[in-house]
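Quick one: the structure is below, questions incoming.
Note that the chains are named A, B, C and D in the order they appear, and that numbering of residues resets to 1 at the start of each chain.
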Amino acid sequence: MSGYAGQSIWKSLGRAAFLSVAVSFVLFPILWLALGSVKTRNGALAVPPEFIFQPDFTAYTRIFTQGFLGSFQTSLTIALTNVVLTMVLGVPAAYALTRMTGKVQENLSFWLLSVRMAPLFAVIIPLYVLFRGIGLLDTPIAVALAHLTLTLPMAIWMLVTYFRSIPIDLDQAALLDGATRLQVLWIVILPIARPMLASVGIIVFIFSWNEFLLAFILTSRDAQTVPVAVASMAGTMSFDWPLIAAVSIVSMIPALLFVGVAQRHIVSGLGAGAVK
Amino acid sequence: MSIHFKQRALVAACVASFAASPALAQTEINVVGFGAGFAWADLFGATGAEKTQKLLDFEKEHDIVVNMEFADEDVARQKVLLDLVNGTGDYDLVMLGSDGAVQTFSAAGYLEALGPYLETAPDLFDPAKVYPPFLEANTVAGELYALPYYSFGAGAVYRKDLFDKYGISEFPKTTEEMATALQTLKDGFAADGITDVYPLTMRGAPGEEPSLDLNGFVYAYAGYPAWFEGGPTTPEEIKASKAQPIFTGDFKEGFSTFVNWSREYGPPGIAGHTWVDMMNLYAQGKAAILFPSAINAFAGIPSSEVPEVKEFSAFAPSPAGPSGKVVQSFWTFSVGVSAFSKNKQEAYEVLAFLTSEDVMRDFAEVIGWPYTTYPSIMHSPTLTDKWPTEMLDQIEASFYDADPHYFPYIPELTEFMDHIGTAASSAISGAQTIDEALDELQSWATERMDRAGYYK
Amino acid sequence: MLRDWRFWFFLPTLLALGIVVLFPTGYLLWMSLAHWIITEPGVYFDGLANFRTLFRSASFYDSARVTALYLFFSTVIMMVFAMLMALALQHSRSGILRSAIVLPLVIPPVVAGFTWRFLLNGEIGFLGAWLFPMVGLDVNMLSNPSGALVSVIIADVWSRTPFMFLIFLAALQGIPRDYYEAVRLDGATAVQEFFTVTLPLMRSAVAVALLFRVVDAINTFELIYVMTKGGPGRATQTLSLLGWKTAFQNYDLGGAAALGVVMLVVTTISAGIMFARFMRKA
Amino acid sequence: MVAIRLQDIRKSYGPVEVIKGVSFEAEQGEFVVFVGPSGCGKSTILRMIAGLEKPDSGEIYFGDDRYTDVPPGKREIGMVFQSYALYPHMSVADNMTVSLRLAGVPKTDRRKRAVEVARMLKLDELLDRKPAELSGGQRQRVAIGRAIVRDPKAFLFDEPLSNLDAALRVETRLEISRLHQQINTTMIYVTHDQTEAMTMADRIVLLDAGQVVQQGTPLELYRNPANLFVATFLGSPKMNVLDVAAVSRDGTTAQLTMAGASHVSVTLPSPETADPKSIGVRPEDTRIVPEGEGVLSGTIISAEHLGSEVLVHTETAAGQIIAKMPPDFSAHAGDTVWVGFNVARAHLFDADGLTINNHARQ
């Protein structure tokens, strides 16, 4: 739909050319990963690359036999817990933040951002000490809590830009109708913000699902996540690229489902509030 | 009567299952190791995830549950460190490498000295049956801190077909001959227009891992562990003689050879290569020689789909340097008991079991490489059925030939290995000249030793 | 304050983040002042010694330089790339194209690192050993110091652009049509239109994306670690990798903490400046 | 009976005091209009009555009960916002009955009430639509309906007509007035438009800079503005104000000299009053007259023919003056004419802008 008058052929051609280059750049490694997962260990590394080969799906069956399903379950638990925590904490905070003014609001916003600034390698030891102290080491909840440092500020920032676009008159009308602040949030703000909540939830899910270092440090036997499992596969003296590729491909599925189902929501959700 | 009997049997069964079920009564021993599949293939099956009958039997007999956790070597160490630094004691047994972790962790007091325990499970582990250098590699200041799980010495694996093709009749015995052979191969490839096979594959990535081989070169050229004046290898010796680092001195020749060979004869990406790349390249038939950590070639051969690699790969002892000592690459995977373990006795029992002759035999069976920690296994059909006796003898000789102390055994070892490896990587990649890299290494080392208080 | 609902709404976040941030930060500050080298017995207060050591070490300045290069180029390329894609797709109704571009978002950086490392490998990689030589590009990306940095940046751009693309696309779609119509009546070219309407109206979105990106880039660890381990030599050793090495390979926890504190201070100050410059007015 | 009483309300935002001690009472059933220029604080006062803002000091009473600290939801007030503030995700019926839902009224009863009110406002066809599907006027009525549904103690209107077009504005003005007569609840209405104030109010409260300047019935304020500000704010077109250059007094009689050496003679309430510094005459008390009968000569700039009358704008030595003339008056731009005043209905102001004479007492 090049709805604009005067959009020249050259411009559309340029756009198409750019898009095809961009999309190939983006998709090619994923395609390669997918191909690698159905090759043999040697085939995956062969030069010149094998384009025609007998696909070998044993890597996928090994996902089940080698106990990776547990890490999928753990990752799902952690990511979903994190999404719930982020939303439960972040939504009221973001709402409150948009209904503040002046210095307090500025300072809190900056504080939120600064939460992410400590380099991870430096806070790993304190975090480990902290979670050991409260007895949460090697539990999904510890990872979900630690992920809050990444996801909560991000979620609040995205929600704030959106909430700000909801007129304050609506709050006030609801207050006059007899609502408490929580009711205002529940019956007015949240229903309006539903697409945005979906997008933020998905992005939070993906970040939590993908995170490696914190998940690695805070868990061991009982709560290993998928990225940690992938990394551990590249073990000493054995390098099983098809298996790594297969697990990686399978690990995309849950996040992919979210993105696929809610891709429209993401953009429209982020979009409605971003510029106001 | 029969009914009566049945009832009794039922009750007995109930009692038995009840007795077996409360996990609380059992001691759990947690082990962290490097990489799934390889290290514990004998105990956790080919998939590395399911316990074998042998392990289940052991657990039942000793009333212990063994929990395994795997991670990539570098990251696993990070976690072990956190566990140890905080005295958490979550891991009872930790896997270690003899190129730093044993020295460092024992110096920090994180490892339990095993002397007192050796007697307690003699039926499981008998140190007298193990190759002595592997025990020595885990001994720091006279105390044994870990038992060898899997170990190797130096050697070369090469492609006999390529050697024959270019008229090299036997594998070089000295580094000088080796240089000539490499050049012959290089010229030969060039003449035949072969651009994707390299005379040599080694590892030159930054970090400690490649230093293992690099220091083998240094040892062969200098004739001693040339890190400090006079070649001391323990903190006490260094302190006694106030020996200064000499990375721009005797260290240089071996370092330069390693760097130059990597640049001249190695694959183009060698400055970033670790064991994975080294192994993959050999397995893909892209290198004529893998050296001096021959084990990495054996790791790649079984899965290789290049017929020549399978058919014509041969082992040769590591060549000797100008000093007469051979180029070293010696390492043991070892397992130690955490000083913070709450069940040290049980932990030791598991450790003894893990490194026992019986388990190691299974291991050799499963993994199929010509290496083991027990002479008895080396000479048994487990290996002799698979490999030529001559090769096994040569490999055994490399164990005895090895000087585990071919680099110093100081607490700062890992740190030194890291800096040395990074300096080599820099020089190979051309980011620095050899002299620049060594100068920087020298001044860092001097300051570091100072800071650690060696010269007070 | 206690009677202000906003206080109570913000309190849970304050507490949750307070616990997982304040305690570690405080602990970090203490560590940075302690002599805590695992290989040496005892942990004791050592004043600013760790900072002195840090500021004397060549690898610190080297890594700072690498970090700056990496940060600058990856961020600029990423923003331009994300913006171009967002502009190209802003009127597209096709969800497929959009979903395709967003795909790398669901691939963990660890996997992204592995993938690119083996794509670019000069001996067995699809790109490094096959495609590049075929088109006459004879450079071993990963073993060449600047090539390795470029490789890391490519992988990072690949892995992180989708998030920025989403933010930009969303912001673009939020710009009311009228502005474009007005500026087009004024006779603006496409480029002028972008700089007079699009960019100014996206300012706050761009600023948010930039801030998150910078913080993210400074913390990038696993992608680089998996791809190059900081090599060859120290060519891709960012401050994050240096800190990790200092702590977990050199066992100098105090030294690593000191580096952490320096990075924290620098990041906070620069972000503060950016914040004051862009966000307040936005 | 007093329905709402404010007592010395003050409010500051940061260093700026926006409400500077406002006191006021609204009788039960009264229609009170707060009017004043933008930024005078009228909306803030309305929000304080609603409980959406808290005064820094002062008290608010509903009847005899102190309501200063009662939360907005408990005040039983219906408010119509300038933006209407309809919940975009709810249907018209749901929008109108949120207060009932929050009060726990069952769904069927809520629906019944919504239908009832909708019929009153001619919204019955639209009950299941979303706000986005309504026209501006319809939304406006929904907003009013939402206020009516809960049967409030008082209605608050915050510039409710400013988003409507002119025709609709007049119509809605009448509707609100009719509604007021019908349900006879206290209404407080905020606007900056003096026409709305004049046409709808039982009583006008005129605000300026956070203070009540004057209150009273529209006619009182129109006839007897307390000062120059009130005088010029109310009335369209605006009152003509001329500066007085010199005064010569004799008892209660004063001869005022204005620019252009024109004179008028006025009567002062008492010999003690201050000298008038300006004189104001509404356009309807201003005439274009034959030469000699007028006070000032001027040039016609333009003539606005409104059908029922002609507004003649003239430029004189004392400034621009507007005269309201019968519809058949013919005027041409550029003509030189004379302007005369009905001096008996002139307003005199002292140096501080306060009114000197008072027509009610005359």
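Here, contacts are C-beta pairs under 8 Å (C-beta built on N, C-alpha and C of every residue); 3 or more make two chains touch, one makes a residue touch a chain.
Just so we're clear, the structure is a prediction, and the values are computed from it rather than from any experiment.
Interface comparison, A-D against A-B: more C-beta pairs in contact at A-B. The centroid of the Cα atoms in subunit C and the matching centroid in subunit D are 58 Å apart.
Averaging Cα coordinates per chain places subunit A and subunit B 38 Å apart.
Chain centres here are Cα averages; for subunit A and subunit C they lie 15 Å apart. Touching of two or more other chains is recorded for residues 78, 85, 196, 280, 284 of subunit B. For subunit C, the set of residues that touch two or more other chains comprises 123-124, 129, 244, 248, 253. Counting partner chains per residue, subunit D shows two or more touched chains at no residue at all.
Screening every pair of chains for touch gives A-B, A-C, A-D, B-C. Of all residues in subunit C, only 37-41, 53, 56-58, 121-124, 128-129, 140, 142-145, 148, 228-235, 237, 244-245, 248-253 touch subunit B in the complex they form. Put simply, subunit B touches subunit A in their complex at residues 30, 32, 34-39, 47-50, 67-73, 75-76, 78-79, 82, 85-86, 88, 90, 196, 275-276, 279-280, 283-284, 295-296, 299, 303-306, 333. Residue ranges of subunit A in contact with subunit B, taken from their complex: 40-43, 45-47, 62, 65-67, 124-125, 128-129, 132, 137-138, 216-217, 220-221, 224, 228, 231-240.
Only residues 14, 47, 50-52, 71-75, 77-79, 81-90, 98-99, 102-103, 146, 150 of subunit D touch subunit A when the two sit together in their complex. Residues of subunit C that touch subunit A in their complex: 5-7, 9-10, 12-14, 16-17, 19-21, 23-28, 31, 81, 84-85, 88-89, 91-93, 95, 97-112, 114-116, 118-119, 123-126, 129-130, 158, 161-163, 166-167, 169-175, 190, 201-202, 204-205, 208, 211-212, 215, 218-219, 221-222, 226, 239-240, 243-244, 247-248, 253, 256-257, 259-261, 263-264, 267-268, 271-272, 275, 279-280.
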